[in-house]
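One chain, chain A, appears in both complexes that follow, with chain B as partner in the first and chain C in the second.
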Partner chain A sequence: MSVTAAGLRDRLQNGELRGLLVAPIVLFDLLVFVVPFGYLLRISLTERTQRGAFVEGSWSLEAFQYVLSTPTLIDSFLFTLWFAAGVTALSLGISLLYAYAIWRAAGGLRVALLGGVLVSMLTAIVVKLFAVQQLFAPNGVINQGVLATGVIQEPLALINSAAGAVIGQLYIVVPYSVLAIYSVLSSVDESLLDAARDLGAGRLRAVVEVIIPHTIPGLIVAGVISFTWSVGSFAAPLLAGSSAERTTGIAISDLLQQNFDWAAAAAMGLLVATTVFVALAVTYGLLSYTGGGTDG
Partner chain B sequence: MGNTDRALRWLFRAGYGTVFLLLVAPVVVVTATSLSATTAVTFPPTDLSFRWYTTLFTRRVWMQAVQNSLLTAGGTAVFSTGLGVAGALGARHLSDRSQIAVSGLVLVPLLVPGVVLGVSLLIFFSRFGLQQRLSTIVLAHALWATPLTFSVMRATFSRFDWQLQEAAMDLGASRLRAFREVVVPNTVSGLVAAAAIAFVVSLQEFIMALFLSGRETRTIPVESWFALRGSLSPLVSVASTLLVGAVVLTLIIAATAIGLERVADDT
Partner chain C sequence: MAILEVDSITNSFGSVTAVDDVSLSVEAGELFCLLGPSGCGKSTTLRTIAGFEQPDSGQIRIDGTDVTPTEPNRRDCSMVFQDWALFPNKTVRENVAFGLRMNDVATAQRRQRVDETLSLVEMTDHAEKPPAALSGGQKQRVALARSLAFEPEILLLDEPLSNLDRKLREAMQLEIKSIQRETGMTMVYVTHDQDEAFTLADRIGIINEGHIAQQGPPATVYTDPTNQFVESFLGTTNFITCEVTATTAVEPATPEATDGGTAEIELTTPFGEPLSVPAVDRLSPGDTVTASIRPERVSVVTASSEPPASWLFTATGTVEQRLHRGSRIRYELAVGETTLVTERRIDERLGVDIGDSVAVGCQPEAITYFDAAGRRIR
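Let's look at the complex of A and B:
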């Protein structure tokens, strides 16, 4: 078959080449994601230099050696892993509770609860962190409220502390986490719960033994979202945490913009990306193991 | 048993009630503090006024930020929706394996932290002297918006009865005309939703924008970020309130187009 312009047009009109419509999106992701990522890898393999960015055309493992032998960078990486694990655990607990509440609610309450998640999801991160600073400050409404009950005598350090970094990060991941769980839960038949209770299970037992197993695919997706985003956290620890909460994201930004050490910044960025991909691979394994799949 | 159940139910209500309040609190706080009559950012505010709203419109940096945000979000919406529509139409005609490969490639950037993408794009675009431009911020935002427009459009097209298009073509319409007059009107709600979601993603993204913007190309979130790290004034609250307002307005458009529950399910 000859490839002529007319022949090509005929084939397009007959719809034979409609699959080609994926070309723009594939090309876009190759050029703006895959190629820049490859370039990041290349830069991480150059020699470090005191005089700006990196040494053009050089090959070296120096940047990785530097990252893996500098105590502050290792500490920040380990801290980030702990931080991400803690945020993920809290996020899963909160999101499961809330998604379950949406699922059980009916009518106006359901719309309101769902609306709350969407409003939060659509509030820019910067706006949320700004509000966190106001709400959780020592003289903010939350501390004042708890002080008024007399449970505590001194305001709690809910911002400019590790707690602040965690609260800020939860504000970023929880809405997405709720939606991931709810989208799975919404396909579960509510009469399952009644059936379990008819058979004599208590409320809590019915939920734990009948409902939660059905939400596992949603929990896994929520866990992935919470963990991967927290591994790359930057804004929350910087605005709501103290200087002790130095995540890898902050370290990368400092290396890039303050030290102009692009090779080391690239190596550190790859370390974060690798952590994310390992977490994803493990999750993918878990998903195929439990046999559950989601399209979300 | 009855008592434990009742206590449990109240605990459950208190739990989700608290989460609900915390979820909506930021919007309440920024709106309230934006109406401050003084130069202090305090919640709850003591006196109310619109003075900071009028002040914002006289500040060049903030007006520049508003303009940059609208251009970036508009650009991202058009670009990502175009890619998403074409990609979703094309994907229907690929083998299962190719479909998975394409979806995988499109989805991966959504899972890469913004800091890593930001650094990678900054280093890459600097090579060509293209940093600090709005168009590079649009490309960066499209990395996160396109997976969403792509999946919304795939869901939309999978619900469409393609026999209608066949019918139109049997009646003599060309493929293009059948698409324009039969497919588009029936899937326009999905199209609007996809564009709205892309718009919103771009409007509120700021980590990549922080790395990729220069003094002249800061978006509202980036400008707010610098304001937050400097001295605090109710101007940040005003900008934040406008940002939330723009986002909610866009959401309402999307929600009326396809229904609230489907916005949640498709993305």
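Let's look at the complex of A and C:
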């Protein structure tokens, strides 16, 4: 079969070579995702050594054994799951309220609320976390404000604590969550709310009965974003948490930089990645169950 | 007794007054139509009755009780929305059951009531479908059923048929009318379509620029308008701009005037023949008076024949245009400095051609007069 330009075009148009059209994406995935991941997998299966990052060319399950038998690493992994679950729950609650507020607001207020999300999203994480530190510090605006009301006598430990790590992480994930939920909510006809009220539903009940079911696809996407990002969190617990908030991200960083144990770091990384994959698979199942995120 | 009383409500949004001192009352079992051009405030009036808008002033009473501050979910009325607003995540059955569920009707009773209502609107076969699987007409039926199911005192309909094509719309009009007769439901129906209003209404309220221009039975409103807006909004008409000649002409022109008859003011017309209106104080020489003759009430005979003596005036005109419009023919007649339009059914066509000279006139009762402010002169 001759490979002329015209022949190629005909075969493309006939659909014979339709597979070729996805080639760029496949190539991109290969280079950016599969190759580095394979590399990581390979390193996790090498022998650990005191005299370098890992023993090149060796095969061993030693790194996994090490990770799974080291209490501090297991604790770090379990803490990370709890941390991610907590952040996800809070993020969904806050984002749902915020997205609902954007949806119900009109004109300038809607623009301002949306703008707030976008500005936060486009602000560098480190800058944002620095702001969190200032805002929530014992002598920061928030603590001083609450102290002034006399409700508390001592400043709250809103920074350099578990609360700080959660707050910092929320600052990172909430803007994305809000947009995910709002994108679904914005397609909902506001007259549905009127209709529900008209038929006898109170304000809250109208929202729960009619609006929430609509936002489920958005909530799922927001949940995935919040959870996967929090499982891999590094900056927020590092900058806004205390030394007790050792997420897997921090643990891996320590393995890499302090212990110079690349095999164990890679094994730990794979465990985290596998957790995320499982979470995604479950979500995908949920999405197909509820109709794939489209309005049914 | 009136089941719904709207007592001089006014609604403003910023500097715009959408509803301006609107009052109306609807009897139990009556179908009341609010008719008006788009943006006239009829939908706002309906939304205020439903409770979605708070009036700046005035009162809404249902069954004699003031419900002005009452939340929409606590008012005994239900609205059928223009875009139907069916809940997309619920089946037809769940949609119809919604109002009953919110009103805490027991499950068994609820089921029975939903079945009844679905059969009333002939949607029983579609009960388990989601709204997305329905046609426009079917969605319309479900929206109606959803509001009927929990038996509110008053059903409010906000242009419910405007998203349907003409044939379906006409069929649904008859159906709504028959459902209304069957259930005895009180309905307030908002529309911009006068045919729809005339088909459905027991009484009509015509709204213009936020206030009610006239209300009454459809036939009265059409034949006896109180102002120029109503005359122009309901169908087409010929408006003839006339001028008051002199108020000194006010004299009992006929012997009847002495025993309660009317004094008259003379008008000059663009077609040369004078007309006269009953003398009223508000007219002075030079004022403009608009005369209106409906196209179907313009009388025409060929120039060669003798016009009937009963005509109010007789002017000479020329046939300018003859347009066939389905079952009707429309003639445009140049009469003096103005153009009069008349219409005839095909089987009552005039034996005239374009360019023919004709005598034009009308019976005395065919003409109505309005002053410069649009008020009827009678």
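We adopt the following convention: the second predicted complex is superposed on the first by the 270 of 296 C-alpha atoms of A that agree within 3 Å, B and C clash if a C-alpha of one lies under 4 Å from a C-alpha of the other, contacts with A are read in each partner's own complex, and residues count from 1 in each chain.
Heads up, the rule we're going with is that a contact is a pair of C-beta atoms (placed from the backbone, for glycine too) under 8 Å apart; a residue touches a chain by one contact, two chains touch by 3 or more.
Every value quoted in this text rests on a predicted model; they were computed, and no experiment measured them.
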Touching partner for A:S183 - first (chain B), second (chain C), both, neither: first
Chain A residues touched - chain C or chain B, whichever exceeds: B
Contacts of A:D198 with chain B and chain C, given as first, second, both or neither: second
Partner chain in contact with A:D75 - chain B first, chain C second, else both or neither: neither
Contact residues common to both interfaces of chain A (with chain B and with chain C): 202, 295-296
Contacting residues of chain A [partner chain B, same complex]: 13, 15, 18-26, 28-30, 32-37, 39-40, 43, 94, 97-98, 101, 111-120, 122-135, 140-141, 171, 174-175, 179, 182-183, 186, 202-204, 224, 228-229, 231-235, 239, 249, 252-253, 256, 262, 265-266, 269, 272-273, 276, 280, 295-296
Contacting residues of chain A [partner chain C, same complex]: 189, 191-192, 194-202, 205-206, 209-210, 213-214, 295-296
Residues of chain C defined as touching chain A within the complex: 50-52, 71-73, 78-79, 81, 83, 85-89, 98-99, 102-103, 130, 132, 146-147, 150
Touching residues on chain B, where the partner in the complex is chain A: 1, 4-5, 8-9, 12, 15-16, 19-20, 22-27, 29-30, 33, 41, 43-44, 82-84, 86-87, 89-94, 98, 102, 105-106, 108-109, 111-117, 119-125, 127, 139-140, 142-143, 146, 150-151, 174-175, 200, 203-204, 206-207, 211, 220-221, 224-225, 228-229, 236-237, 240, 243-244, 247-248, 251, 260-261, 263-265, 267
